[in-house]
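Chain lettering (A, B and C) follows the sequence in which the chains are written, and residue indices restart at 1 in each chain.
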Amino acid sequence: MTSLLSVQQLSLLFAGRSILNQLNLTVEAGHVVSVLGSNGAGKSTLLKSILGLHDSAEQTGNILIAGIDMAQDRQRALSHLAYVPEQPAVYGHLSAIENIRYFLSLSHVGEQKEIATCLTLAGLPETAWHRPCSEYSKGMKQKVMLAFALAKQAKLLLLDEPNSGLDPQATEELNQLIVQCKQRGMGVLVVTHDVLSAIGFSDRLLMLTHGQLAPIALDQSTFTLDRLQRLYQGQA
Amino acid sequence: MTSLIWKIACNEWCRLWHARVPVLLLMVLVTLWAIAVLAAHHHWQDHARTVDEVTARSQHDWQSQPDRHPHRVSHYGDFVAKPVHPLSVIEPGILDQSGHLVYLEAHRLNSANFNPATEATTLGRFSLMTPAMIVQWWMPLFLIMIAYATVTSDKITGILAFMRGNGIPGWAIAAGKWLALFLPLLLLLCLQALLTLAWSWHSEQLSVRLSIMLLAQSLYIASWCMLVVTVSWFSRQLHGALLTLLLVWVCVCIIFPRGLANLAQINHPTQPRAEAEYHAEAKLKTIGDSHNPDDPHFLAFKQGILNKYQVSRIEDLPVNYQGLLMQEGERLTTAVYREQQALHDAQLAKQNESIRRWLWFTPALALQYIQMAGSGNDLPHHQDFIRQSEARRYQLIQYLNQIHTFKVQQHDDKNTRLSADFWKKAPRPPITLPSLTVSQPSILAGFLVLFGWLLLPGILLFKVSHRL
Amino acid sequence: MKHELTLLLKQRSIISLLFLSLLLTGFSLFNGWQNISHIHAQINEATRAENLRKPDFFEHHSHEGPSDSDKTMDAGELGYYLFHNIYHAPGEWSFIALGNRLVIPSVQRIRLLGLQGQLYDGESHHPEYVMLGSFDYAFLLVFFAPLLCIALMHDLKASEQQAQRLLFLHSQVKEPLYFWGKRVLSRWLLITLTFALPVLVFAGLYKLSLAPLLRVLAITALYIFFWAVLCAAVSLRKRALNANFNAMLLTSIWLMLCVVLPNLSQLWLHYRYPVQDGSQIALQHRQWVHGAWDLPKEDTLRPFYALYPQWKDTPPVTGRFHWKWYFAFQHMADVKLQPQIVEREHTLMQRDRATGLLAWVLPTVWVQRNLEEIAQSNVTHLLAHRKRIERFHTALRHAAYPFLFEEKPLTEQDFQHLPTFESTGSD
């Protein structure tokens, strides 16, 4: 099985400070990997690195997306990836369909898949499709972003704090969506604080401390708050 | 309560000071103002020099006339220049466009002729930078850039809610913010007025003119400060506040004044000078032609003269009939030309009326009217200048015709030369600066609009300051 | 591109701004057109009136001959009493930039007397209107188009950042330069269209000629492109994430380019090339003309005959007054002033040339100048117009001199053959 994301020996210095240190990470197709970490541990930096958006910082190591080296062909690498930011990046004055159409045009991807199908898959009620997104709740906006990822036929999905600011029901719906993506053979990388959800949908849990990722063996039965607290303090 | 407002204002100053950019902007504004003063002073000097030169030269030319026939003198004519008040250095108004020199001549109505605007290059089409323009355009613009965030940022950071929650009334916050913006600018305005006062000390009607300008400027800036605070209070985002204010500024200061003047010109176009001259000539022909021996008007006139002196032939008159004829002719042409001038003035008045009707849209233009009136460079002042010079012309020409009538022997009319002393003693009253009352309508309209613009944002602000 | 345009056009605020711009452009063109057609109407009216007046004039000032058809007229009276209309006819595209047409009289009346005393009359417009300036296409383009650019483009990056979309967009686009370029170009296209469309409609409606239209469109597109690039440079800087700072920076640049620098340039220009006021010429002219009355007639006639030897041997002036002598000293005043006039014209041309050089540095001045060039409302056109008047005046003098100096009266036929302003042609 090929790994959709493979980060090898990634180190990153920012203003003389080491943020990431010889970090390794792989995400296989049909797997969900969650990255936990305290504020400032470098989670967003890691995401930016994967998106190839660090230009001023000193970065070493390799990032391969679907086997394509980011450093060599960023454009082709990115075409296999869909990124969903913490704040859903939809244009408020456009409808869900128009947003997706626009974003697809940016990636130079034609409408490979019926947008309506994707929206249905993402679970956005049909009545909302043509209304401007400014009227949507955050959960609905997230669904638009996921529908876009489906429409783009991305192999790798990057989710940044997908559950922040969602009510329990929306969180549950989103979690199911992530599982669906995984079942469709996509690789999913989730950066999150929501440990409970992460335990639910993840195949692997990783903790980012001191610029490195450490695996956590956790299942719901052995999980305690105390354990989690110590994890966050870097005493895994 | 006043101490509360004062504290809020002080706090605002503190913040503006620490933000650096506002201080920088204020410095740029002062630099611009200095450039404007330089430009305006140069401009004023140009005009003042021209006026002095023309006045001195025409005086010299007039006084050094040799012995002449009086009718020659009345065709030699006299130049008068429009006096330029030192306050023109703040607002040159229509100085460049109206012309500042009139040639006074027998049976001709010449209005002001020479204006530098005609020969200006492309650069002349960019609006002039004057201290008045700085107050009218740039001060509001810089005010917007300095203070668009004044309430909005408090709103975003939650400070406003915090203050309101702790019992500080909204209107006190509004008043404090307004005061913080207005006071420094008022200080600048007062400084400008003081400097002007010192510079143009001893000039005519200085105090009343300067104070009316200062009052209008203060009202105008006060209303802009009010507007900025109001819009800032209304907006939820910094960006929205900035863009709204900039849009208002563009409309009020740039689009509307030009638009209004152009609409007035379209709706009430003025008659061209050539056409007016032609009409006047046609009209004169219908009244009477002194060259035509059979003209009924002049036949009657001649009969009247003969009856008055109780003689039967012109040759027997004790006075010069040609001179009398000149007087009568001058009376007639002057009446027609003045009628023509009144017609032209009426056309301009119509345009003015149409502009005033829409003046509510733009306090910038209202302020400009007052400043132009204050510096003596608006239309009523110009028309007064034309009237005065026309009165001087009529007086002078009729004096010469009188001399023609009584001092020139009829039988040897064409060969007579009279002593130059007669011209030296001729009545040539100097042109004086009229009192401000000539521009009363535009000053009143201007102040009304300025008060309105102070009131409107004031009410809005009071209403909105109850909100969070 | 299509997607960028739809993205823009779905925003109500953008639509209303563009609509406002469209409206203002329409108004500016309409206003310019209205002004120009007013000038045309004046010229037509004056032409009509002159055609009516001329036969009338002959009737009125002619003397009885042996028969009714032999009426004749004195050349001196003709020169003194007959006014000739001068037209400053607008060009086809003059409505685009009214320039100095507001102050130059479109109809002027000239007699055979000294020209310099008659040349400098201004038009009797509402001076406050002239001061505020005309609301023409050139004004709107120079002043308003940059503001529109600033409004639409100062927050290219910052608005996306504020909506937390920037990272996402960067993860989507393959070539950031291409992506932002498309955004800038789509805005540029829309702004250019709001200016170009009304012009095109106008040109189509009135069937205006193509070459100036293309020039106007090119100037418009280029100027807006300049501002688009400037805005893009400011708003796409690496750390251009503060939209308000960008807006203030761009507005300051606008202020510099549209007001401060042109003003300083003009100040420098007036300092570098001082020009004598037109009034001085008029004063001097009066002095020459009236001084001649008191001089011996020989003093006037000798230099005049040196210029025009062909009239030297005509009957001498003996009486106290003769029209010959009168018109000779009128002309000699012009001749004596000639060096001053030439010098003045030279300085004005120098000013104009300096402005031309400045225009290469200041895009605002460049646009204004080029549009005035197309509209023929620049100071060079004024000088050309004065040259035309001078030529016409000369033609008139030359036509009248044979009658004047050989002291033969004009017949009605001679009168009708006098040159009119159009017949001298334009350049």
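As a convention for this text, contacts are C-beta pairs under 8 Å (C-beta built on N, C-alpha and C of every residue); 3 or more make two chains touch, one makes a residue touch a chain.
What you are looking at is a predicted structure, and each value in this text was computed from that prediction instead of being measured.
Novice: Starting at chain A, figure out the least number of steps needed to reach chain B through touching chains.
Specialist: Tracing touching chains, the least step count from chain A to chain B comes to 2.
Novice: Using the touch rule from the top, work out which pair, B-C or A-C, shares more C-beta pairs.
Specialist: B-C
Novice: At what distance in angstrom does the C-alpha mean of chain B lie from that of chain A?
Specialist: 69
Novice: Could you state the distance in Å from the CA-based centre of chain B to that of chain C?
Specialist: 25
Novice: Where the centres are mean C-alpha positions, what is the separation of chain A from chain C, in Å?
Specialist: 65
Novice: Going through chain B residue by residue, note those that touch at least 2 other chains and give them in order.
Specialist: Residues: none.
Novice: Once bound in the complex, which stretches of chain B touch chain C?
Specialist: Touching chain C from chain B are residues 21, 25, 28, 32, 35, 38-39, 42, 46, 50, 53-54, 57-58, 61, 66, 68, 72, 75-77, 79, 81, 93-94, 96-101, 103, 111-129, 138, 141, 145, 148-149, 238-239, 242-243, 246-247, 250, 254-255, 257-259, 261-266, 269-278, 344, 348, 351-352, 372, 378-379, 382, 414-415.
Novice: So in the complex, the part of chain C that touches chain B is made up of which residues?
Specialist: Within the complex, chain C contacts chain B at residues 24, 27, 31, 34-35, 38, 42, 45-46, 49, 53, 83, 85, 99-100, 103-109, 120-135, 138-139, 143-144, 147, 151, 155, 159, 162, 243-245, 247-248, 251-252, 255, 258-260, 262-267, 269-271, 275, 277-280, 282-283, 286-287, 290, 293-294, 320-321, 348, 351-352, 355, 358-359, 364-365, 368-369, 372, 378-379, 382.
Novice: Mind pulling up the chain A residues that touch chain C in the complex?
Specialist: 48, 51, 53, 74-75, 78-79, 81, 83-87, 89, 91, 93-94, 98, 101-103, 105-108, 158
Novice: Mind pulling up the chain C residues that touch chain A in the complex?
Specialist: Going by the criterion above, the answer is residues 2-3, 6-7, 10-12, 163-165, 167-175, 179.
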